[in-house]
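Consider the two complexes below, in which chain A is the common component and chain B and chain C are the respective partners.
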Partner chain A sequence: MQWQQVWRGEGELMLGYWSPITQSAGFVSKGALAASVILMMAGFTLSESLPAYKTSPDVLHPPSAEYWLGTNGIGQDVFIGLVRAAPVTIFLALVTATAALVLALAASSLAAFGGPAVRGAVLRVVDVLQVIPSILLLLLLAAWIQPGFLGLVVLLALTGWHEDVRVALPILLRELTRENVHFARRMGASRTYCLRHHILPAIWPAIVGLFLQNVRQAALKSAGFGFLGLTDPRLLTWGSMMQDAMEHLYTDAWAWLLLPPAGALSLFLIGILIIGEGYSQSGGLTGKEQYDPG
Partner chain B sequence: MVPPILINLLSGLSVRLLVFFLLVLLVFFLPRLLPGDPVAIFLSSDLSRDLSGSEAVELRSQFGLAGGWLQQLGEYLSNLIVGDLGYSVPHAAPVSQLLKTAIPWTLLLIACAAPLFLIAGAAGGIEAGKAPGALFDRVATGTVTVIASIPPFTAAVLLLLAFGILWPVLPAGGAEPLFPSDNPLQRDFDVARHAVLPVLALSLHEVSRFYFLARGEAITLSQRPFIINACGRGIKGWRLRAAYYGRSLFPVFLARMSDSLTGLFGAVLFVEIVFSYPGTGHLIYNAILDRDYVLLQGAVIVMAGLVLLLNWIIDAVATSLARRG
Partner chain C sequence: MHLIHQPLVRVAAATLAALLLTLAAAMAGPVGQLVITDARGDRGMLAPYIHGKNGIGYLYTTYVFDSLLSQKKDGDVTPALAKRWTISRNGLVCDIYIDLRAHWHDGEPVTAEDAAFTFSYMQEHPYVFADVRNVKEAKVLSHDHLRLQLKKPDAGLLTGMLLSMPVLPKHVYADIVEPQRFAEPEAVIGSGPYKLADYNKAQGRYVLEANADYYLGAPKFKRIAIVKMATDAALRAAKADEIDIISYLPPERLEQAKESGLNVVKAFSNHSVRLGFNHSGRFGSKDLRHAIAYAINRPALISTVYQETADVADTGFFQEASPWHSDDVHPSYAFSPRKAADLLTAKGWSRAEDQLWYMDGEQVVLRVLASKRETKAAKVLAEQLETFGIKLDVRILERAALQDSLSEGNYDLALYASSTLGDPNGILRRVFGKKWASDGYSGKKLRALADAQSVATSRQQRQDILNKFQEVYSQELPAYAIANPYMVTAYNDKLSSLKFMPGGVAIGVPSALHKSYLVD
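And now, the complex of A and B:
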């Protein structure tokens, strides 16, 4: 099982394309993740201290000194909207990715420790989820409940976790049967000790890889729901800002209504892709993982 | 002896039938479990505020909501088997008839886009993977990375904006002109013109998936003896790319096709909504906006069935090919 397989999805198998940029000194594990957390915190603080995202008589005002990115159809300042939506959009992706990963790891552990019957059952469930056209199911549910933040997290996590099991389970199984774990157990180490000192460090790179991939998927999907207007109207995301812009495609206003949220969303997605690629090439591969032919 | 493809077909069928049945059950029970029943929601809409009590009862039975759950389920399933998916009140037409007109448009988009993104993805990926790090690889992979980070709806909106509105060389919406021509040739031409932008948007979204797959595979293939041998024998150009790389990519591509079919149907929904293309995506979206749950349920069941059917066939072929090696 090659580690690169973990980083599949759309950005899969780029095999080192971005690594010259991102390989330097554990780019992700230390720098990028810390930076994104700080930026997000700053975003939350900033968005709270910003003037409210309120309607005004200045409808469809082009960008000016007063409104940096213009105003939308009901006079809301696009720049303020963009900054306010940033932490929500990013946080939504991060929380959803975490929830999906936790579910996947729980299912993988259950399959790994539960014996052949349980493993078979878990894998069949994964099979079933794999062929379900989840977008249709999500549309149906979203139409009904118009999910807010929490609803979106639950919906996306429940329909996204199964993809990770296929990757996490073989890695977990491989680590469980390694000599170092067997040896430690013979020497009297407890299961938790083995988990903390042998198994977790070995599977950690794969977990981070899966997490980054989930973040991308969650961001794409939640933006899609926002764009379709299927989320709670009070939930301001870049996707929902793009939906607002759709009415103004035939006027000049598209330039300041559509491009800022679309650009921000794409920049976020491309950033995650490059970070993941850099990670799979550098930080994640420094251990024995890299040379494992298994 | 039974051909292996038949065995693969049969073994894949059971799980898909199970999934389909579960989906039908879910689609049946979901509206009944969630707060607010369809009739109540329907009555609260502007469409039918002043309905009398007896009319509401009739409507209730029309929605399949009369009687106990078991009885409703039995009726629902027996209707489904004979192809009766209910009646859409906002469209004033049976759901099955609405779907019958919408599905061909969706399939047209997918059928036109699939060869485009498969060939472009394979050709680009092989070229880049043959010499990773070379100029072509650097430019192409950079471009595709950017394309991969543009969500399908953004790509569709940008294409619509560029070629439908700012520089209006192609129609911005619909599948045909308002008054289709009587001349079949002219009509085909109009349909093709209307399909260009949606097909492009759909291919653009999918191409990155297959590009990265082909590139990764080509990098690995370049180190395999049969390719090194072929290069040593002086085989190059078209023959090396198609017969050596391309043929080895085929099973991997098919396997990925069956995996990504759901994603493709998801993307086509967005594309149809942006371009007001009269396919199932557009139908589903309008059903959501109109709160037309009968249509929504019917469309979800039929689309899910279609996805499962396609995914079943592609999967069986891919497994047979992979086994052949």
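And now, the complex of A and C:
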């Protein structure tokens, strides 16, 4: 839990850091969103025409004119890998992170609105999932089923949502009991109105933070799946490229094996941050009547 | 000033000084301590029934438990608990005379009773690395004289059973009903040169202490510590003289070890990486096995995955360094997509316009299993076969999951490595066995040869049968041997001129750390 809070703190710091840029320019976020979608679509369509990610005896070749970002432990071109992994990684991360977040928000809402008994039930389920290491759960599942790509998405979502509840629920409860919500309700505002104009804007930064965390986890966790027999180890993501780089930390090769996928993943995360922040600031959430306490 | 004259302070200061001195001495490493690093760590407690079911677990256990026979540094058998032995002309009776100088670690003498007890106990509680089913009776004729009656002659009696079987203390094990659950301190009372003084499963750490009155000579080291340490840490520690041996150094790190001031010994492991087939599935057909073999480019795979750290393996099971390797040349199934395609076509497969292979209108997708260690080889192999047009579904599994998938027949191809060393009777387990890393083959012709060599009456006869075995193996191809990787052990000057045991340690463990190097 603790690292999660620390991490979330960082996320909010970053949000603050990006605010001056994004506040004035909502289009940045729309641009970034469009860019990542285009990148993903283009990646999927182009991946057939890209050069193959072939192994060769030219292993651990440093970056050169022939191999722009060098080659890995079985002679695959890191640059080609980076490009080929982009659509899969982005797709996997976005879909899984969204699914996990939706599950988490649904569970949190259920707990928040459902009375003490339901809340207790939801929280105990979360407890159980937190106590059982997800790796154990995955190993168990791996023994039963052989998930494909979609199965992978489901597995990632199912083993990732419970941690979000721990963060989302208290925030949701806090916002639900605020004076502004009570006041609006008294004045005749509908639940939907309150949700849209008071609650969502207040919890949005946390949602973006959680989403970001889910994306990062999905990208890294999916890499480990190959070694649990859950996926074909050849499933190429930035996470799996980073994992492959780990065994070369003792040589200079780490620089061209680890940095490119790590950099790409960081850029991607920053992109999502901009999108999330920009969406909120550009008024996408609250419409024109956004109340500015400042 | 007057503070130091207070008696209490003086005592404290003296204690502190003593403590510091001890600490300094401990850090310098007391003479007589040997530290071995193991990248994986825990190999189970070092007693026959509870050590890890692999070569290394077995090897460490031989430091604590002696067998009736042992090996010289050149691999030949030499007396251990049995000081001499005779085998009757018909090969059915073996008289063994126990070395009465031998004692158990708790001081009790080792007698013929103990050896006889071990044979009957292992009949009842099979021990994975010593098959005693061929023993009809083990009779104690006197304090030091044991007579073994065999059901049929065993060509591997000396180099197999008597060399591999750890002798158990009767006074400890007689009442133990479930030796697999017996992990008390008494379980490790052996008669070997070292006693297990401490074992920490979580840390994967062993401390062995010298058995001062070892009957075959004085143990070279007062203490041997076996510690879990990753290669990087081990190399750094070796530079600082904190450790003495890196048991299995990844061969590509050899130069680095030399720079750290270590001696290195490098040899073919003969622990060959093989592509196994599911014989009860579609690969019951020899032609299909041949087709796969022709579709794989072994030299290309090796130059990508292993570079200089492995060589193309011999397809006849035994590898070149094995004393039993035949001089005949076995087919190498040199890469030939055309031959592969012809064989597949003859078997009713067809290649569609997308260049992929179909069988009865359905696209062929082969399921390949591999252990984590073989990940890279699996990736390259998959690429080669997919280039040829066979789709693959590759899975890297943990050992237990591998064992499960294998017994369920839930695979087509499997990539694994296992030793080809030790007494040739090992083929019964490694080729015809049912466990993971066995070829799981049951062809009658090959089996007949394997059985015939086990009852051969002379070495020459055994060699002749084994030559034939290798020829048939390379044609039948129960598994396609891909690579024979090198193994490297790095060590400092506390030991001299280590060598990988020719033919492997006892059951065939490729290792340079046979216990004879640890005894004067």
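We adopt the following convention: the second predicted complex is superposed on the first by the 149 of 294 C-alpha atoms of A that agree within 3 Å, B and C clash if a C-alpha of one lies under 4 Å from a C-alpha of the other, contacts with A are read in each partner's own complex, and residues count from 1 in each chain.
Here is the rule we go by: a residue touches a chain if its C-beta (ideal position, glycine included) is under 8 Å from a C-beta of that chain, and two chains touch if they have at least 3 such contacts.
Just so we're clear, the structure is a prediction, and the values are computed from it rather than from any experiment.
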item	value
First (chain B), second (chain C), both or neither touched by A:Tyr250	both
Touched partner set for A:Gly75, first chain B, second chain C, both or neither	second
Winner by number of chain A residues touched, once chain B and chain C are compared	B
Partner chain(s) touched by A:Trp144 [first = chain B, second = chain C, both, neither]	first
First, second, both or neither for A:Asp232, with chain B first and chain C second	second
First (chain B), second (chain C), both or neither touched by A:Val59	second
Footprint overlap on chain A, where chain B in one structure and chain C in the other make contact	139, 143, 227-228, 249-250
For the chain B and chain A complex, residues of the former touching the latter	15-16, 18-19, 22-23, 26-27, 30-31, 34, 132, 137-138, 141-142, 145-146, 148-154, 157-158, 160-161, 165, 208-209, 212-213, 215-217, 219, 259, 262-263, 265-266, 269-270, 273, 284-285, 287-288, 291, 296-297, 300, 303-304, 307-308, 311
Contacting residues of chain C [partner chain A, same complex]	231-232, 300, 303-305, 307, 372, 375-376, 378-380, 382-383, 393-398, 401, 404
Contacting residues of chain A [partner chain B, same complex]	4, 10-18, 124, 127-128, 130-137, 139-141, 143-145, 220, 223-224, 227-228, 230, 242, 246, 249-250, 254, 258, 262, 265-267, 269-270, 273-274
Chain C partner contacts - residues on chain A that touch it in the complex	54-57, 59, 73-75, 139, 142-143, 146, 226-229, 232-234, 249-250
